[in-house]
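See the structures that follow.
In the two complexes below, chain A is the common chain; its partner is chain B in one and chain C in the other.
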Partner chain A sequence: MAPLGRACLLLALAVCAYGIGASLYGVRGGRADFRDSGRRAMYALAGILAVAFAVLEVAFLRNDFTFNTVADTSSRTTPALYRAAAVWSSQEGSLLLWALLLSLWSSLALFLVRRRMREVAAYATAVLLGLAGFFVVLMLVYATPFATTHPAPAEGAGLDPLLRFPTMVIHPPMLYSGYTLCTIPLAFGIGALLARRVDADWTRIIRRFAIAAWLLLGAGIVLGARWSYAELGWGGYWGWDAVENASLMPWLTGTALLHSLMIQEKRGMLKVWNMSLVLATGTLAVMGTFLVRSGILNSIHAFGGATLGVPFVVLIGVLIASSIYLVVSRAKMLRSEHRLESLLSRESIFLANNLVLVGLCFVIFWGTYFPLISEALSGRESSVGPPWFDRYTVPLALALVLLSGIGPVIAWRRATLANARRNFTGPTLLALLALGALLVAGVQHKPLALAMFCCAAFVLGCIGQEFVRGTRARRAIAGEPVPVALLALVRRNRRRYGGYIVHIGMAVLFVGVAASSSFQHASELGLSPGQSSRVGGYTVRYVRPTATITPRQDAAHTGSTLSLGAVLDVSKRGRHVATLRPSQGYYDSGESAQGSVGHLIGGQPVSHISMSAGLTRDVWTAIAPDISSPSLQRIVSAGNRTLPPDEGLIAIAYLARSYLRSPPPAQFHLIVSPLVMWIWIGALTVFGGGLIAIWPVPSALRRAESVPSRALPSGELAQA
Partner chain B sequence: MNPARKRVVRLIVALSAAVVLASALIYTSFSAASPAISPSQLVRRAQPGRSYQLTGTVVSGSVHRQAGVLDFSVEDRAGGTKVPVSYTGTVPDPFREGREIIVTVQKRGARYIGERDSLITKCPSKYKTAPAGEKQNY
Partner chain C sequence: MPAAVSVLIAILTLLLIVAVIVVIGAPLRRSRRARASDDAPAPARAALEAAREAKYREIRDTELDYRTGKLSPQDYERLDSSLRAEALEILDRLAALNGQRAPRSDAPER
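Our next item is the complex of A and B:
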């Protein structure tokens, strides 16, 4: 199987080279047949890389340890679901996934535009094949997924237990999809500059793929945050870690692009800015991949081998240099058709929103790469922590939420006082009402959280008002009941109302972030069975210890050899609230040097948290059992001395029984966080809104819309 | 004021604001940053009240937990100088003896106090299991 995989990579490289040549010859020589052939090369590449990926996937599922990457990242005790996902846990496999997704998304993009913008598409094909070729070269030269060892080891090292979480199946593919989709607008941007064609059709193409990239990258980020919250045993969802930041930066510039593209569509303005955002978003996506793959910065994600740094630096250098050259040399073509008429207009608010988003991106970029910057400038590596990030990002986030309420309702070109009064009186009153209610509730000691809640109320007021007005207008047209009118309103203007739903979701998400970060109660404490402690108004009692052995009994289905935990009773004012069962899994290290018993639990221990999640608060717990107590260590040592390798589990069973009989005090991490659920609800709302916005409007609907609209007064028409 | 002049003034104001904000950002990043240093550098340079990002390897047999405080020693990657650290806060799952860590510390007497929740554990590789030299704390 490995030779087939290697042959696929060689063939893929040849196809990339041919496709680049054919596309460039087709566009420069005016040969449509070569342009089409270049596009088909991308389809062929997707097919070839799919075969290569299938070869690797089958090797993982069949435990074919002749493949080095399978032996390094999988094992027979790794559950089948995680064996399938282990493909992208390795450096080599994740490069293959990146290249595969790039070729698949590129094929889809090129198929959809096959009869439009042929010159631009041909250049874009060459750029996309160039990027795919880069990843294929990495796999052929630096990190090949098809390297083999004969004879094969009897057992693999196993998937890192930290990665044995259901999100592992979906989070990396989602994130990579977002990254690879970011490169499609980049390729079409370069294509448009080379072909000297930046028109409405180009904007439409860019917008569709920019939304898709934004949507999938955002979903990947939120899934990562959720994974972190529910798995990593620290109870947080965002830590300003370099890898998290790497994915957030292109998402921020992508968000800015989606807004400023609207100004280009409506008013022919900001063309240089939009083109710069297109190129910056694609480059930041490649930089994100570089950061993850190169190990150049310290991260909680902790990467390996730094062999890929130099090729990535070269690629990023080429992207930045060519982007600057193309934008500068085509500056005349990108000149704005109109000028900003007033600072009180939708264009200005969108521009302000863009500046805030790009400012946020700059802050995060500076903080993330500061260790490299400080080392280059002062010769000493330094880094900035979460407080530094919070100092800048919190006020910028507040401004962003506020603008997300103003932007959708303020008038284009120039807002009048009457327009402002009509649109902002209700939302401002709602924000003031929220402020009053919160002050009465006694949350004045957290002014930034208070400001965020008021801004969110303002946004909900602005957007809610738009829905009410639109629904009213629909009812005036057709006399439909409210739910039908509301649905019809969204269906007929999916982009606009999808965007509004995204704004609602973001406001809700920020409420969750502000509440959970400002009003969280956390405690680290040691408890023995029967003891209790209080955290955030809740009483937590350690009822009894738990222990399970063998991978089959592992309640979390992660393939741990031993799992030690606790049953906790959570109550408030004497009333039972929840029963929690946190545990810690111990895994086989595969290291015989640790002894016949020691190796069974000598791998990476992983927390399996337990929480009671609710709309108002989450009670979250993790446990660190004391497995180093002398009595338990004696069992391991005795087992190591006396038991043969295949009977080590006898000692583990005895250890589990001993732990249940006389459990040593365990260390608990307890957190009570308010409104965390609203982060996930907000994210789902954003995702739903994004899907609505990207969903194509059926042509029948577009035609039908024009008939009744003639009966509407102009003010209502604008809302419908 | 004519429109062209108005645009120039706006541009100057916007650029000045951007320069001021960027300068503040750059200045605060240098003043708030913690230098990353090894245990032997920390012993030579540490001043009380100042934060440092200590990077090194957790010394075998040095990990003890008592009443919510995690005590351990960190040594240079190549061995040699060891510094004792008392840390409270979240301990990442990959933390163990022999593993490389990063923790923000302040000197207090002969000990170094870890800043709450600042402990980061570096795996030798994200993708591979721990090498044989790393010991599980059982």
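Our next item is the complex of A and C:
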């Protein structure tokens, strides 16, 4: 079916070209029919790319190794779930997924605004089709998913075992959704500048797309962190890897945008700033895609041997140059309608929050791209590690958390000192109480963590107070019971209280990050069965070794030929806490040169961690069995010499039995981290808040809002 | 590749092309009708309607700020009056755009 896939790509390119032409002709010539036709070209593109994606997906599921990409990234021993997800593990398949998601999200966005901002939408359609066309050209010229080889190889190379984890099935589509959604505000930003319409209607439209991009990109980032922590063998959730950073940057500028858009909506201010954030967020999303596909990085997230650097540099150059030109040439149109009335106002706090967020983005940008640029110019490999990032990002994160508490309790336009005193007394006392309690608990030796806990307590105090006062006000008017009043309050003010919930989630998340990074106990040690060691107050005893053979018996369901592990008993003060079962999987390398037995376990070994997670602490462990011990290697060598290719598993079974009978000492990586669970709870809270903020207002409420006399302040709360 | 598969691929490709032409060509086929019934609000009106909604939301937000202790009664009075004046101005401009007198009864009241 490869020819059908190739035909789809050619047709997709033709549709992109037509759609761009029709949209531009429609908007320039005032022809609604061509504008509509251009918009429908995006729907058609989504359909075509869906067919192309289905062709590739079927090839993966059917183990059709005539497709080069299937042969390179999948195999018969790869479990079906991971075969389905292997489509986006390759450069070619992931390009197709990117283009498909871009066309799907763009179709949804254009459908939602089909009766609004037609000129802006037509320009946006042209920009989005141009971006999609760029990816289609990449697939036609540089990395086609439908390249075939005849005759097909008997077996594929298999999916990289590091990617055989459930999170990896969903993490890339989420991240790509976030990236592609970031390009929609970008397209509407360019469209607004071209059509010279940056009004309240544009703000309203852009806000919803910006929240959606922020939500999905954030979900993708957190899923990546979760994959790193719960499934990779190094025990961390964030390593300041260039690709992780690339996804964080548009999220940070997107967060800044969501706040400063409110200032534009209410006060008609910061139009240049907001437009710059819109354009920067979209461009940073494309830059994130460039990083993994250019071949300049050697990262687990990057596509090896990627050679798409030059086309992406050209695209990014065009985006940056046209953005700067458009903003400068439309500067008059983007003039602020009002000035900042007071430094003690929500506007100024939002402005400070924007500066911190953009500052964070700048630090990460510098730390990510400067070593790459320096290396490209000097030829010397250079990089900056976590200590460099921590030095600058931790103080900025502290300021950000603090501002996320101050913002919600300060009034728009102008707040008075008396009101500020009234609003900040409670939260400040709570922060001081937290400080006292932490000092008594002996946390003073980690001042930055201490500061973060106090800032988080302050935020929780501020937001908690907002909920209490809002509920009380609602009860005073409507006389409802507390739960009903609280629900009605949130329901009628989704943006405000959804945002507050996001702030709570971020504070909780940062508490988890501060605690787990400052008070972590880690240990690397070798143990034999029966031996034990202490880490972070816990006693870990190596009870017995474990071993499974054949992909069918692999307990981690990742398709490993051999899995060697251990049963560990974790106790504290003599009391049993948990039983952990870490293991390491060994995979078929597919290289017959390694011998009939050697190739079965010659692939990259992958650690399957085991942990006991709790609200107060996680006990995390990984094992690296010593498979290179002479007794085990003798079995492999003897098998290679004597066994035919299809009977290599006999030696693997013998090796597993030998390992169980007399296991060599194994290396264990043990980590006890406090409050890690709160990172995930915080993230879930953030997404819950984001969903509340983006959820459409019910039509009954919207009708009420559209009738001015019913939207009166005096009765507004009571009418809900 | 077997001939039957090649034929099937050719048919599928043709069907896809036809579907694409039908989808993107529909607005051009009903060109005149579409132009006559272009129901999108004029840009200026749409912008004013959005500004009106934003202003109403600001009035409600300000009231909530007052009720949750972020504004003193004096500040609230001053701010609320100014927001209502701004809302009325938007309503006036909307009415002027529609060729009517400002619908004062439709304006926000205390």
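Rule of thumb we're sticking to: the second predicted complex is superposed on the first by the 686 of 720 C-alpha atoms of A that agree within 3 Å, B and C clash if a C-alpha of one lies under 4 Å from a C-alpha of the other, contacts with A are read in each partner's own complex, and residues count from 1 in each chain.
The rule we apply is simple: a contact is a pair of C-beta atoms (placed from the backbone, for glycine too) under 8 Å apart; a residue touches a chain by one contact, two chains touch by 3 or more.
Keep in mind it's a predicted model, so treat the numbers as computed, not measured.
K.L.:
Once chain A of both complexes is superposed, is A:P605 in touch with chain B (first), chain C (second), both, or neither?
P.N.:
The answer is first: A:P605 touches chain B but not chain C.
K.L.:
When the two structures are overlaid on chain A, which partner does A:E244 contact: first (chain B), second (chain C), both, or neither?
P.N.:
A:E244 sits against neither chain B nor chain C.
K.L.:
I'd like to know which partner A:A473 touches here: chain B for first, chain C for second, both or neither.
P.N.:
second
K.L.:
Of the two partner chains, chain B (first) and chain C (second), which one does A:E347 touch, if any: first, second, both, or neither?
P.N.:
Touch partners of A:E347: none, neither chain B nor chain C.
K.L.:
Which partner does A:D618 reach: the first (chain B), the second (chain C), both, or neither?
P.N.:
neither
K.L.:
For A:D64, select first, second, both or neither according to whether it touches chain B, chain C, the two together, or no partner.
P.N.:
neither
K.L.:
Does chain B (first) or chain C (second) touch A:N419, or do both, or does neither?
P.N.:
The second partner, chain C, only.
K.L.:
Please name which positions on chain A make contact with chain B in the complex.
P.N.:
72-73, 89-91, 157-158, 160, 162, 232-236, 298-305, 339, 359, 362-363, 366-367, 370-371, 374, 380-385, 387-388, 391-392, 524-526, 586, 589-591, 593-594, 598, 601-607, 624, 626-628, 632-633, 636, 667, 669
K.L.:
Under the touch definition given earlier, write down the residues of chain A that touch chain C in their complex.
P.N.:
It comes out as residues 1, 3-4, 7-8, 11, 15, 18-19, 22, 31-34, 36-37, 40-41, 43-44, 47-48, 51, 115-119, 197, 199-204, 265-266, 409-416, 418-419, 422-423, 466, 469-470, 473, 476, 493, 496, 705-706, 708-709, 711-714, 716-717.
K.L.:
Okay, in this complex, where on chain C does chain A touch?
P.N.:
Its residues touching chain A are 1, 5-6, 9, 12-13, 16-17, 19-20, 23-28, 30-31, 34-35, 38-41, 43, 46-54, 56-65, 67-72, 75, 79-80, 87, 91, 105-110.
K.L.:
If you look only at chain B, which of its residues touch chain A in the complex?
P.N.:
These residues of chain B touch chain A: 3, 7, 21-22, 25-26, 28-30, 32-36, 53, 55, 65, 67-68, 88-94, 102, 104, 117-118, 120-130, 132, 136-138.
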